[in-house]
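Multiple structures follow.
Two complexes follow with chain A in common, the first pairing it with chain B and the second with chain C.
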Partner chain A sequence: MMTLTINGRKVELEAPVTILEAAKRNGIDIPTLCHHPALELWGGCRMCLVEVEKMPRLQTACTVRVADGMAVRTETPRVVAARKAILEFLLINHPLECPTCDKAGICALQDLTVRYGAVAGRFEEGKRVFPEVVDDPVIVRNMKRCIMCTRCVRMCDGVQGASAIGVIEKGARSHIEPFSGGRYNCEYCGNCLAVCPVGAIMSKLHRYTYRPWQMEKTVKTICSFCGVGCTLRLEVRDESIKRVSAEFGDGVNNGLLCGRGRFGYEYVDSPERLKTPMIRRDGRLERATWDEALDYAAGRLLEIKKENGGGAIGGIAGGRATNEEIYLFQKLLRAGFGSNNIDSIARLGLLPAQKILEDIFGQGAVANLISGIPRSEAVLVVASDPTRTNPVMGLEVRAAARAGRKVIAIGHIDGLRRHRTRRLEAKTGPGQETMIMAGLLSELLKIKPLSGENPEFEEAIKAWGKTLPGPDEVEKATGVSALLISGTAADLKDVSTSSIIAGRELASSMDIRTNMMMLAALGYILNSRIFLISEHPNEQGLIEMGCSPEMLPGERPVDVRTFREKCEQAWGAGINPEAGLTLMEMIEQAGASIKALYVMGEDPAFGLPSRGRVKEALGRLDFLIVQDIFMTGTAAMADVVFPALAWSEKDGTYTNLEKRIQRLKKAVIKEGIEDWRILAEIGKRAGLPSRYRGVADIFREIAQVSPIHAGLGFESIEEGGVLWPYKGKPLSVSSSPSSAAGRFPGSGKAVSISPPPDRNVLKLVLDKPLLHSGTLSTHSDALMDLTGGPEARLCPETGGKLGIADGDAVKVSTGEGQISLRARLESGLPEDALFISNDFREAGAFELFGYQLEPESKTPVLTVQNLKVERL
Partner chain B sequence: MSPAPSAEKPLAGLEEIKKNYPASSAALMPALYEARRQFGWLSPEALSAVADALNLPKAAVRSTASFYGMFNQGKTGRHLVRICTNVACMVLGAGSVLEKLEARYGLTPGGTSRDGRFSLAVTECIGACDKGPAMLVDDDMHTDLTGERITEVLERYE
Partner chain C sequence: MNTKKIVKTIFMTEILQGMALTLKSLFSPAVTRQYPKEKRQPFPGFRGQHAFVRDAKTGKEKCIACGLCGAVCPSKCIYIYTKEDEETRKKTIDRYEIELLRCVYCAFCVEACPVGAIALTENYEYSDYSREALYMTKEKLLDNWDRFMAGPKGDEYFEKFWTPKQQSFRAHDDQAVFRPKGSNGAARPEADTRPEGVK
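This part shows the complex of A and B:
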């Protein structure tokens, strides 16, 4: 306990903090420029100078810690004179172009100049001149406005870990620049512009179109790009989002954002948005009234049900829909049309992976806090790159590396390349992580004592572990040195807490079960929290709300009568006791057992492998309903199209990869009908009574039907959301120690790992770019400007062999199809891999990939036949 | 001298330098010296090569290089002449040495002679105040300069 006085007021503190922090806690404002709560202390701007009794010189409040008996004065004439002098110095060079600067109104320098009245300068020097740099697609640099607080550099280095900018030159000539001097060519998180206190680094989006004080409202909501669920603030004027920001302290992201979240919002205002419902008449989609479209959709579905039974109808939901929408969607199909054929893109990885892990450890096995990652002693990142798919979670991994934690990258994790990590990287392309994990696991089982917490499970792991390939064998297969593997295992020997991060790459594999068992075994041995990367903002919601053929809301198996009865009572309709078809099965059955599909917020004609065959299959349907915000490839084939609302236009909840339920809040009201109303209206026509007045009512029903959500109220989901375990009951599968062993199936059998691929054959790899994630991002001008278009990435050596130079147009073909795109040569890529993403309509990887269903999980595993690359 | 590192003439010797330091960031200054020695100036390609070799962010390498005047990032002639113009050298006659350079080689501070042989830069103190005026030609120190002596010295550099 320590006591001090600030401005004569007695202040008591438990632990020593900085003077700035002590003052802030007691409501005393000390001005700062270079200080930022998210950044390392610097003490460079001298704005926070205060007088401390018995200390001869003024002290920087942001770096000096309080001591018992200290007497601080924050606004004495001496302090005020010092601050005024500093402002006078800053203003020697500052251009005072406030009338044309977008920062005016929220500018720290402007506010302080007003506060301390440093209006008259006594210096005659000319101002420094730097041309404005506008050649970057999203960020404008205006270095004459810069006050050299270096917040942006400390953010880029110390938090984002991109280290893309630095202070160039010295003295009065110093300025902030990326290496190129022009374009940033960085990760484009924009966290630099978020911490700039003046107008030196600013967003180019909506520049000069608003003044900060003209914003009509600021709405705190959840980002719609990935499963991290960052909290963002949408600043709205004239019914349009002008700016997306986040404040330090906001949400799981703690005020940080990635490029998609910060710059990817423009699609909401795209002129290509669908506005009215459409019905196919004489082969053409034509505008229709809501009633016409709703009557037609419901009528046709009822007819098909009558003729072929409910099993002829299927539904596919997207990962951007809210929990409430997803819940109503599966209810409509189950109770309204008697079909369990409901699935989503969660089938591509998250759902089967999570199910296997939950079968072993119990429900909630992967519900862990992202903020715990940098606190773990070790972090294992396997096969998937969180810095690309879940960027803000990736920052936590980088934070762990910076803090000296043992970060181990198994596979080609580009985003951690320059960070302090141990890299277990196969000589050739990705896909050999199973093998590398096996080597690490077998070595760990040899040297690391087990906790003894669950003896039977330990026996099961050990027995299984005996059949695993050892480091030498792994070296032979993958090229990862046996020494590195055993060294890594030795490094992990004394670790008592850790995190493991894995994603779709391990799940979308014929080895999915082996992979998940490896994760489970590693997780047990290392006492890990396991994180599954989630590509869509509400992918977890798809699983929890029953948007899968085998599970009812609350992840209850549909074939268990008691669970079914609960839903039947609430819905007033019977439910088919048999599990329905999975995602790819529905597509394969299109035209055969499946006659009609209802697709909500998803674009199977674009987002599923073997695109050509998927399109053909969709064409065989008798009836196709698509609910989307754009005229997607699937929508163009539909019989009825309903225009959906964008994420910023609706209320509801999202569940992130931590199993945190968060509120989505409406920011902009546009024409159109909320998605849940469309579902409820069709439901009404199918005999499902609807009493919902709003999403809160739907959530109330969810809490009634889903055992895990029992007791949750919509309004009670405040900032920060509701965390797992929710108030309700998890599905109990493995509460007794022995069941974890029992549910470690195959433990008696030898480990099966697919043989390593031929190193001399070029392999196609699904790329996951940082700034794109499918349809929506390609409707955002800013993100399109940053990327330019589809690319095939390969290393210069391979390019040389194929006679391909950087920037060449190439044709890539497989047995499935062919695309033309630009080649990009990048050093550091594996020699046998060609990376193509599936984010661009004109040339997506799913045109080239075929698939094969993994027999147990029915997840489509990508396959490639006859890959050819030619220069055009 | 080659203008910048290339496939034919890559930046060499950094592995040796790295061995002398506990962390790659500590090897940055010596690495930059080496790059400048090999190529005469620090081109963006040279800075990239240093960053890659030391696994440091390119922006950080450029930031360090741009702080120090001697890490010249502009292309120079075959030899870089740095004349000290600080107080001691100035009093001892640096001004007349500069005049001589302009008269004899057409060199002005920041410029390069027409034949590409010399570039001239004025520099802050190079620690030879007792023997001024002083200059550096590349890494060689020459002191007690006069109008005559400087041409004599420079004629040794091709």
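This part shows the complex of A and C:
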């Protein structure tokens, strides 16, 4: 306990903090410029000077820690004079262009000058001048305005971990520049411009089209690009989003964003947005009124149901729909049309992976807090790059590395290249992750004492682990040295808490069960929080809301009578007791047992592997409904197209990868009908009464039907969302204490691991671009300017062997199809991998990938045959 | 009723007093103007209909699209939509509208403008039958300048009424540092780094 006085006020503190922090806690404002709560202390601007009794000089409040008995004064004439002097110095070189500076109104320098500054300066020499740099597609640098607080550099270095900018030159000429020169060559998170206190680094999007005070509303909502679910603020003028920002202290992301979230919002204003419903007449899609389209859609579906039964209708939902929409969607199919054929893109990995883990540990096995990652002693990242797919979660891994935690990466993980502790990642070839994990696990089982918390489970993993290949075998199979593996295991020996982050690559594998069991075992041994990477903002919602053939809302199995009855009661209609077809099965059955498909917010003709076959299958359907915001490939084939509203135009909830339910808020009013209303209207026509006045009513019904959501109210979802377990009851499978062991499926059997692929053969790997998320973001001009277009990434050595130079146009073909795109040579990539993403409309990797269904979970496992790369 | 009042009533003193005033006025010069036949010359600095200053050098508006006029306007009748000029990369006006029907002619906009780009002319004759005619656009405002303020009149207007006096922008006497020798503390006008046109 220490006592001090600030401005004569007595302040008591438990632990020493900075004077600034102590003052803030007591409501005393000390002005700052270079200090930022998210950044390391610096003490460079001297704006926060205060007088401390018995100390001869003024002290910087942001760095000096309080001591017992200190007497601090924050606004004495001496302090005020010093602040004024500092401002005068800053303004010596500052252009007085507030009238046209986009920062004016929210500029710290401007505010402080009003508060302390002199009306005019007396410096007679000229000002330093830097030309404005507008070469970059999204960031404008105006270094005349820079006050050298280095907040941006500390952000880029110390938080983002990209280290892309630095202070260049010295003295009065010092300024900030990206190491790449005029244009940035960085992760484009824009976190630097978020911390710049002045207008020196600003977003180029909507530049000069607003002033902060002209914004008509600021709406706090959730990002629509990935499963992290960052909180962001949309600033709207004239029903158009002008700026996306995040406040430090807000949400999961604590004010940080990635490039998609910050610069990717323009797609909502794209002129290509669908505006009216359309119906196919004489082979052509023509505009129709809402009533026509709704009547036609419902009528045709009912006809098909009458002729072929409900089982002839299927539904596919995408991961950007809200919980309420997803819930209504599955209700419409199950209760309105009597079909359990309903699935989503979560089938591509998250759903099966999560289900296996939940079978072992119970519901909520992956509901862990992202903020816990940097606090774990070790972080194991397996087979996918969180810094690309879930960038803000990736930042937490980097934070862990910076804090000296052990970060182990298995598989090729670019974004952690400078942040991991063992070089396992560089050695692992594509497809070898399972093997390496097995080696690590078997070694750990040998050397790490188990906690004894659940002896039966420990027995089970030990027995199972015996059959795992040891480091030596792994070395033989993969070429990764046994020493490296056992060294890594030794690193993890004393770890008592850890985090494991795993991605789709582990799930989209014939070894999915083995992979997940290994994750579970590692999770137990290392006392881990497990995170599954989630590409879409509401993938978790797809699972929880019952958008899968085998599960009702609340993840309750559809074949259990009591669960079914509960829904039947609420919906007033019977539910088919048999699980329906999964995603790829529906596509395969198109034209055969499946006659009609309802696709909501997804583009199967582009987003599923074996594109040629999928398209053909969709063509065989009798009836196809697509609800989307753009004319996607699937929509172009549809019989009825409903224009959907974008994420900024509707209310609802999203559930992020931590199982945190968060509110999506309507920021922009757009003509059109909310997606839930479309579903409810069709439901009405199919005999499902709809009493909803808004999304809150739907949420109320969800809370009634889904046991895990029981007791939740839409209005009660406040800031920060609702964390797992929500108020309801997770599914309890068995009451016996050793149930985890019993549910460790396959224990006792020898582990089967498919042999890792040959490292001498070039492999196609599904890439995940940092700045794109599905084809949606390709409608955002800024993001397109940043990325340019589809690329095939490979390492220079492989490029050399194939005779391909950086920037060459190449043709890539497989047994499935071919695409042409630009080659990009990047050092550090594995030599046997060719990375192509499926996010660009012009050329997507799913044209090349085939698939094979994993027999148990029906996950499509990507396959490639006859990969050929040629220069064009 | 007292006697005084009775006398007043009987002799109709008050009416006679009134008549005397009428008689006096009969012989004094008339003050009524026969508007609209006879027009009044407004005093300089009169706050009439708005105009956008046309820069003699460029022939274009002087406005730098800062939006301060709209921000200060108490009746919020100035709407400004801005954009980045493709060529110069500077901020320019996309749409500039004043809804005259709501304006209270306070001239705060003129006062707030950092570059002297907006003026209130002496024109007060602009009533009309449609609302549209009273929504001013950039073109109409520039036109007003040519009609009512062109030539030395405009310069004089700003010179006389809206140029900030250097002396009122003096530095504080207690300012801390770097007082050049022999200086009395008066600030020098800013050098070249302000946006074009800032005075």
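As a working rule, the second predicted complex is superposed on the first by the 864 of 872 C-alpha atoms of A that agree within 3 Å, B and C clash if a C-alpha of one lies under 4 Å from a C-alpha of the other, contacts with A are read in each partner's own complex, and residues count from 1 in each chain.
Going forward, a residue touches a chain if its C-beta (ideal position, glycine included) is under 8 Å from a C-beta of that chain, and two chains touch if they have at least 3 such contacts.
Predicted model, so just to flag it, every value in this text is computed and none were measured.
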| item | value |
| --- | --- |
| Chain B versus chain C as contact partner of A:Ala82, first or second or both or neither | second |
| If touched residues of chain A are counted for chain B and for chain C, the larger one | C |
| Chain B versus chain C as contact partner of A:Leu96, first or second or both or neither | second |
| Touched partner set for A:Ile165, first chain B, second chain C, both or neither | first |
| Chain A residues touching chain B - in the complex, by the definition given at the top | 156-157, 163-170, 177-180, 418 |
| Complex interface listing, chain B residues touching chain A | 44, 47-48, 55, 57-63, 66-67 |
| Chain C - residues contacting chain A, complex | 64-68, 70-71, 80-84, 89-92, 94, 114-115, 169-172, 174-180, 183, 185, 187-188, 190-195, 198 |
| Interface residues, chain A side, partner chain C - complex | 81-82, 84-85, 88-89, 95-97, 99-100, 118-124, 126-127, 129, 132, 134, 144, 207-211, 213-214, 238 |
